[in-house]
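Please find the structures below.
In the two assemblies presented below, subunit A is common to both, partnered first by subunit B and then by subunit C.
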Partner chain A sequence: MPDLNIDFTVNGRKVARKVDPSRRLLDLLRDDLTLTGTKEGCGAGECGTCSVFVDGKLVKSCLMPAAKAQGADIETVEGLAAPGELTPVQRAFHKTGASQCGFCIPGMVMAATSALRENPNAGIEEIKERMGGNICRCTGYTKIFEAVEIARDVIAGKLPQTALNQDGAASSFIGHNTRRLDAPSKVSGRLKYAGDMDMQGMLHMQVLRSPHAHARIVKIDTSRAEALPGVHCVITSEDVPGTDGFGVFVHDQPIMARGKVRHVGEAVAAVAADTVRIAREATRLIEVEYEELPGLYDPEDALKEGAPVIHDYAADNVVKHIPVRKGDIEKGFAEADIILTDDFSTQQVEHAYLEPEAGIAYVDHDDVVTVISPSQNITHHRHMLSHIIDKPINKVRFIMSPVGGGFGGKEDMIYQGMLALAAMKTHRPIKLVFTREESFIASAKRHPSRTHYKMGLTRDGRITAIEFSMLSDGGAYGMSSEGVMRKAAILSCGPYEIHNLKVDTRVVYTNNTPSGAFRTFGGMQAQFATESMMDMAAEKLGLDPFEIRRRNMMKAGSLTHTQQKLNSASIGTVLEAAEKACRWESGAPTVRGETRGDLGGPDTRQPCTLGARFAEAATQIEKAKVAS
Partner chain B sequence: MKRKLKGRGVAASWYGIARTATIDRAGAWAELDDGGTAKVVTGVTEIGEGILTLLSQVAAEELGVRPEQVTIGDNDTARSPEAAHAGATRQTYMIGNSVALACREARSRLFDEMSKVWDVPVDDLRSFDGFLWAENTNKRITMEEAVDTCKKRGVVPVGSGSFTAHGTGLDPVDGTGSPWQAYVFGTQVAEVEVDTITGEVQVLGIWAAHDVGRAINPRGVEGQIEGGVVQGLGQALMEDYQTQDGHAVTHGFAKYILPTSLDVPQINSIVVEDPDPLSPLGAKGIGEPALVPTAPAVMNAIYDAIGVRIRDLPATPEKVLAALQEKRREAQTAA
Partner chain C sequence: MLTCDTYLMPTTLKDALQVWADAPEGSRLVAGATDILPWARDGRAGDVHLPCMVDITRVSELQGYEVQGDRVRLNANMVFQQFLEDETLIRLLPNMPYCAAWFADDQIRQQATLVGNIVNASPAGDGLPPVLTLNGEIELARLQDGAVVTRRLPVADFVTGPGRTELDAGEIATAVYVDAMEGYGGSFQKVGMRRSLVISAVCCAALVRTDASGKVFEDIRLSIGGIGPRPIRLHDIEEMLRGQEMTRELVAQASLKPAELVASRSRVEYRRAVTSGFVEAAIEDALVALGAPKPEPEQRETLNA
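And now, the complex of A and B:
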């Protein structure tokens, strides 16, 4: 289809552009008008980071064809206030600390502005509902709601303008609610994340990914892709000049598949071209011949005799086993009055940071290979890349761009190596931005786990012994698996002094999406099992859940599970603080919800209205049942 | 049985601060700059937790300027000292302390000069909020003047700091070792409502008590707790990355369900301060620990409400309903 000429208004200025009809309003704003405050978190209408006003209505610009902008009046986050100024909504976000990584924030500010324009008196429930189409992965929404309520009241004149100011002067800046210094740039959309950056002469990268979970690569033919006009280079593992391999503990992952692929979505080859579109087209012209291999999809299967081997160096598929021993568990279980055994499992979890992976690499005037990306560990990435591209450390430079959410998911060097290699081959800056789907399938997840638990206790609730065994699925590559198992093992049995314990955590390779670092690094999976067991034991013994925890908790002088002597342990204080704050009604956890007197206090929210809609539907179903 | 049943559950937790079972380190440079401003360079960039603001508070406090007068250099392996990775709940502890040490050195350069200029003992000098003064005298000038005076005497007030956390490795056979020098503890209580017809669980309230050592920015601490709780809630009730023979079937937000504004409980944060004795700031951390107890507290609350123990996360409506049916069947066979 030929390009269309369109005229429209953006932030009060008239704009005329020729647009390719297949492009989206989001592309027009970001690429042609450099209004990068509007973000692309998903490209599918599901996250709200791309929200703009079109003729006064809140619209997800990733869903609107650019051509539809003809004649429209568009307002983006950059246009809400004059440069250097902030609207009351933006100031309120600044005041309450409503922006963390900031990637969702321009969209949130737009949604909040829309909510208050549509109903200046909106109550909190309505505000929540109106903002329900915008995802934030960092803040837990609470400070965002607070900000919107303050802004509403200031706009309505119910609160003075000064309510938007920073909390008063202090005698110390430690313990002071200093407003976030980066908030003004986040609430106004001015902060540039890697995907918002641009460099002169920049090329665009696209990656060809494996369609197979486990396959031998027989042959890669890049000639047709290379011949495509606009393509500057095609790279594969053949192009790696040094020792290929990265990972947080074992360097078992090549920057692109070498010899075989081990999970769906693994990078096989990459193209740098004049435009994203040409690069994408070129990836389709790369011919890869695969020979499929039997795959491993369950961690138990990985341990079986004769299981397929994922990495030659680990014939048993075990990435790591961490044992922790203390005391004598046989003696401990013999002393127990009751013994509980159970099994628990946790799922694989996606970090879902709103900023998909992105980066730019270039070779500078001093021949320094430079990578700009939201990497959570540039120090280590620099080391690894220097081996991979065979350059001294001072010729490798990593710059950490503002991270639009990480949670551990941006600790792995899954794309920076490809960018560096292409920059070295072309001597042009190269940019890569993952799609949301790529981010899902190519980045690490939280380890799914299975835990077998055995706990012995005396009648008065003292734990005498614990046997804890956890098996985790590490997926195709090692990444942070070893460290995650170590932390899971160290923290396993919780904040309790256990005299006899046997703990084992194991992680194996499979052909699933790799697991890696994720906020709590194994601590959550392990303690979920422990804390469930504590309540089950409390019920059996007729003890209040706080009480059973107090009877076992660590104290100053306690020996931890790894036999470290603690100089202090605040668990007693913390238990008491929580118990008091929630007005806990004591009693054993014997399904006493219906008779509790401590429910529904002012420090809880009302069940959400969605429940009401469900209720209606459910009554109708009931009625239908009765009728039939 | 009533259709909607409420219940409460508790879970406790503990966590280690900074890298695990190894020595951890971070470095920083500081300079008291013209105009009474300050520069801090350290290998760190915001990942959203508020570290830049926190470091500017620490620098302001140590140097005697205001947070907004502090410029923090970007994280760049070729331009800034190593502060290593942004993870492991180590930013406040490792980098905060290294910045404090660097600032102390820069300040002492300035104070040495001013004590000579004013002929007062260096220990009598104080600086805060843009001013420098000598206790029990009427000598008081702005930091701008102080830096100018120092530089005219030929001294640039710069400093560097390196902070170490002494963790030790684990024995490969029995796991003994001292993985961290600082630990934090937490406890959360969840209040839920379970719809016994749809299986839907709503979390209505969370009380989250966490020891953070020392809260340098209390609002920032709350923000970390709120964010951690909601991620924990997502893992407890809805998030589930699934693959079929290695192929992801939940590769977008339409299928991978995340908590939205409608799922968020009222979160009541209780910040407990048990200062760390081994570091200049006494602060420990909160990034990761905030998430640990949420899911078990929610599962314990579901049990309290309906007598069903969910052992396999997440507790989706389908799973809750299946468990309820199982429970009813068991009750019938028993009867």
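And now, the complex of A and C:
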């Protein structure tokens, strides 16, 4: 492969490099020049973590072949300010708290910088439009836009430089705006996530994944992959020295598919090689013979008589069933004036943290197998790995790298085991960075759920009984399913005091992508059903939705659904604050319509438009007309 | 992952045509690369190896544009951002700034070319409907006995289906010729999942000119994308409206027509429902661009009801 010679300027310095012509500008910056402030969140132009200036114009470096950098002047986040200093934009981000996981932040800083360079007077709508190519999964954007407006006004001299300083230090951190300690490292791009780290002699891993949802593995032939120059090892479940199996509750998941695959995207084999390109090529040389098995794709089918069995240990396909009983529902329903029943369903959701899974493993000089990764559960991972690789716990170490967003999705040890095995086999540091597509296909999702609900109420809105039954799709492996079902059951009927209830949450195995932890951990699915029921009950009974909630809410002394006595309860305060903040017009839901006064107005989020840019185009047209 | 053995950046058209003609089978032309790079990823083409990539963005003859009487020659390296920023183009191609504003995002618009969008021939490509309203013709160049020869054909004929065009082996698209439409009001409508970075489900472009009284459609051009294998001009609706007095009823009536044309393979009902409101909105926005007052959304809804 002939190399490509590239001469260009990066952050004011002349650079000359000989590179693989397949490289993208992003690879050139990150791998060849170790400018890792520029991130790769998607590799497909969708996220903006890779934004850099090329000849003064902001572009997405994942979409630019490196050859196009020839002769160009490139500016990256590292070049915005002198070492140790921050630009007004960066300082404003620090001030407002516009960085959480931080993975999107260098790109956001670049996009904000570009917006203000293109139009130093841009209004907030135009700023939003100009930054539309950058995605953040943590902040909700509000703090970011606040920062850009402060920076704009400071740069324009409308606000003093001191506006970028921390607000007066208060005596307590609680209730005060406190700057994050790690924000400067995030706004400057200096923070190293696992994918940004490099080690001497490091090899690169790529994973061969299953194209089938449910299939027996008849044979894996790795010989052609092993023979490819540059390949250092190929691993399969055969290489596991100890007791294979991990999971947050049940250890039902092998490091790599063992005997059969249970979902599309499951790891089957992995290669460690000198480069990512060689490792990828090698995965294509691995020959796997599958025998397809009938699959399960709907949780209800999983419970049917004679359904295919996904895991031998669970012949009924049930991962977990959590029943909660309190009082006597027959009596409760008998006391009701009305009984409402309904069904609710929620869908599978991907966390889409901007940092795709990444990690490095190595065996240190004392034979300690070490894994660096953005794991949300390192202690548990460490214990599980010690069994899997059959080493005492003091020979297994986990280091948690900065987590570029997790939201529960990084609790599962879906790749750390493969890294450890390859490091043990080669005694070289091994690095794996998921592509965005791989992250989508291989990581756990929010449980899709179906809830059947029956609620009995008196005419004045008091709940007399609830029967709540939820079936969740756990996908191919148990992961956090058990905990999610527990929490769904415990929170099922909401912050309301229900004397008679029968709650069942069930999660079953299917051949869908595994479900796992995701913000609220089962609470969202249950609350969606409960709160919808509350609103529908209010409508049926002609009650104000706040009022019906007040009539049922837990108070100090109430017994929770699992019969714990509460010393205090804050739902009353929460309802009051919410009612006030939304300028609620009291009355049953049916009395309102388009005329309700609490729609729109201050503090409501306006629909997004492209107004700012259209207005700009119109003025350009006007200007052009005048000029011609 | 996209890999290649050689990446070439010729600087003259002749060199480009020469290396392109000599490039091994399976090589690709590259402009902004915003379609090619994401295409070579899992879930789409997967890993792709190309023997040679011929990048035409440094070819000097393919830069910029030229106004030639009542036509504008847009050279192949024109990127979408230029239609949003260049004052002459804003004046002459009144629906292009709106198309550009909806296209991808500010960053991708700096790279993505209009010609790349046309050659890519996506049924939902945003660049195609406005170019159809502008009576776009594409110019294709190739080498013949060492000399550059060109041919031209209407963009409407050039794009034959999803991802399919009349481009022959060894040819490079060098320019698009479009009508200069000064004095027309332009608009572009798009539905997708969000504002930035979204491929259209349906998109629609309009150009409208009214008579001196501002009451009669003197001329109107409409086209729509995302409802079939390729974007199309709505000649019959144009006929229905041309020379007619502009009434809300007439516009609403005319807008019902394209729903019959929906021939997409997915989300057919949705696309049908969207198209009618869309054509109506495109016409109204084009009138607003000419100075008409912006209609209230309720006015539109009552007419459609």
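One rule holds in what follows: the second predicted complex is superposed on the first by the 600 of 628 C-alpha atoms of A that agree within 3 Å, B and C clash if a C-alpha of one lies under 4 Å from a C-alpha of the other, contacts with A are read in each partner's own complex, and residues count from 1 in each chain.
Note that a contact is a pair of C-beta atoms (placed from the backbone, for glycine too) under 8 Å apart; a residue touches a chain by one contact, two chains touch by 3 or more.
These figures come from a predicted structure and were not determined experimentally.
Of the two partner chains placed by superposition, only subunit B is touched by A:324; subunit C is not.
In the superposition on chain A, A:140 makes contact with subunit B only, not with subunit C. Judged by the touch definition given at the top, the superposed model places A:546 against subunit B, while subunit C stays out of reach. Once chain A of one complex is fitted onto chain A of the other, the partner contacts of A:9 are absent, as it touches neither subunit B nor subunit C.
After overlaying the two complexes on the shared chain, residue contacts for A:347 are found with subunit B alone; subunit C is out of touch. Shared-chain residue A:57: touches subunit C; no touch with subunit B.
Once both structures are placed on chain A, subunit A residues 44, 46, 129, 132-133, 437, 441, 608, 610, 614, 618 are touched by subunit B and, in the other complex, by subunit C. Here subunit C touches subunit A in the complex through residues 1-7, 9, 30, 32-34, 37-38, 41-43, 47, 53, 55, 57, 84-85, 87-88, 90-91, 94, 97-98, 101-102, 104-108, 110-111, 194-197, 289, going by the rule given at the top. Touching subunit C in their complex are the following residues of subunit A: 1-2, 4, 20-22, 24, 43-46, 48, 51, 57-60, 62-65, 67-68, 70, 111, 114, 129-130, 132-133, 276-277, 280, 284, 435, 437-438, 441, 608-610, 613-614, 617-618, 620-621, 623-625, 627-628.
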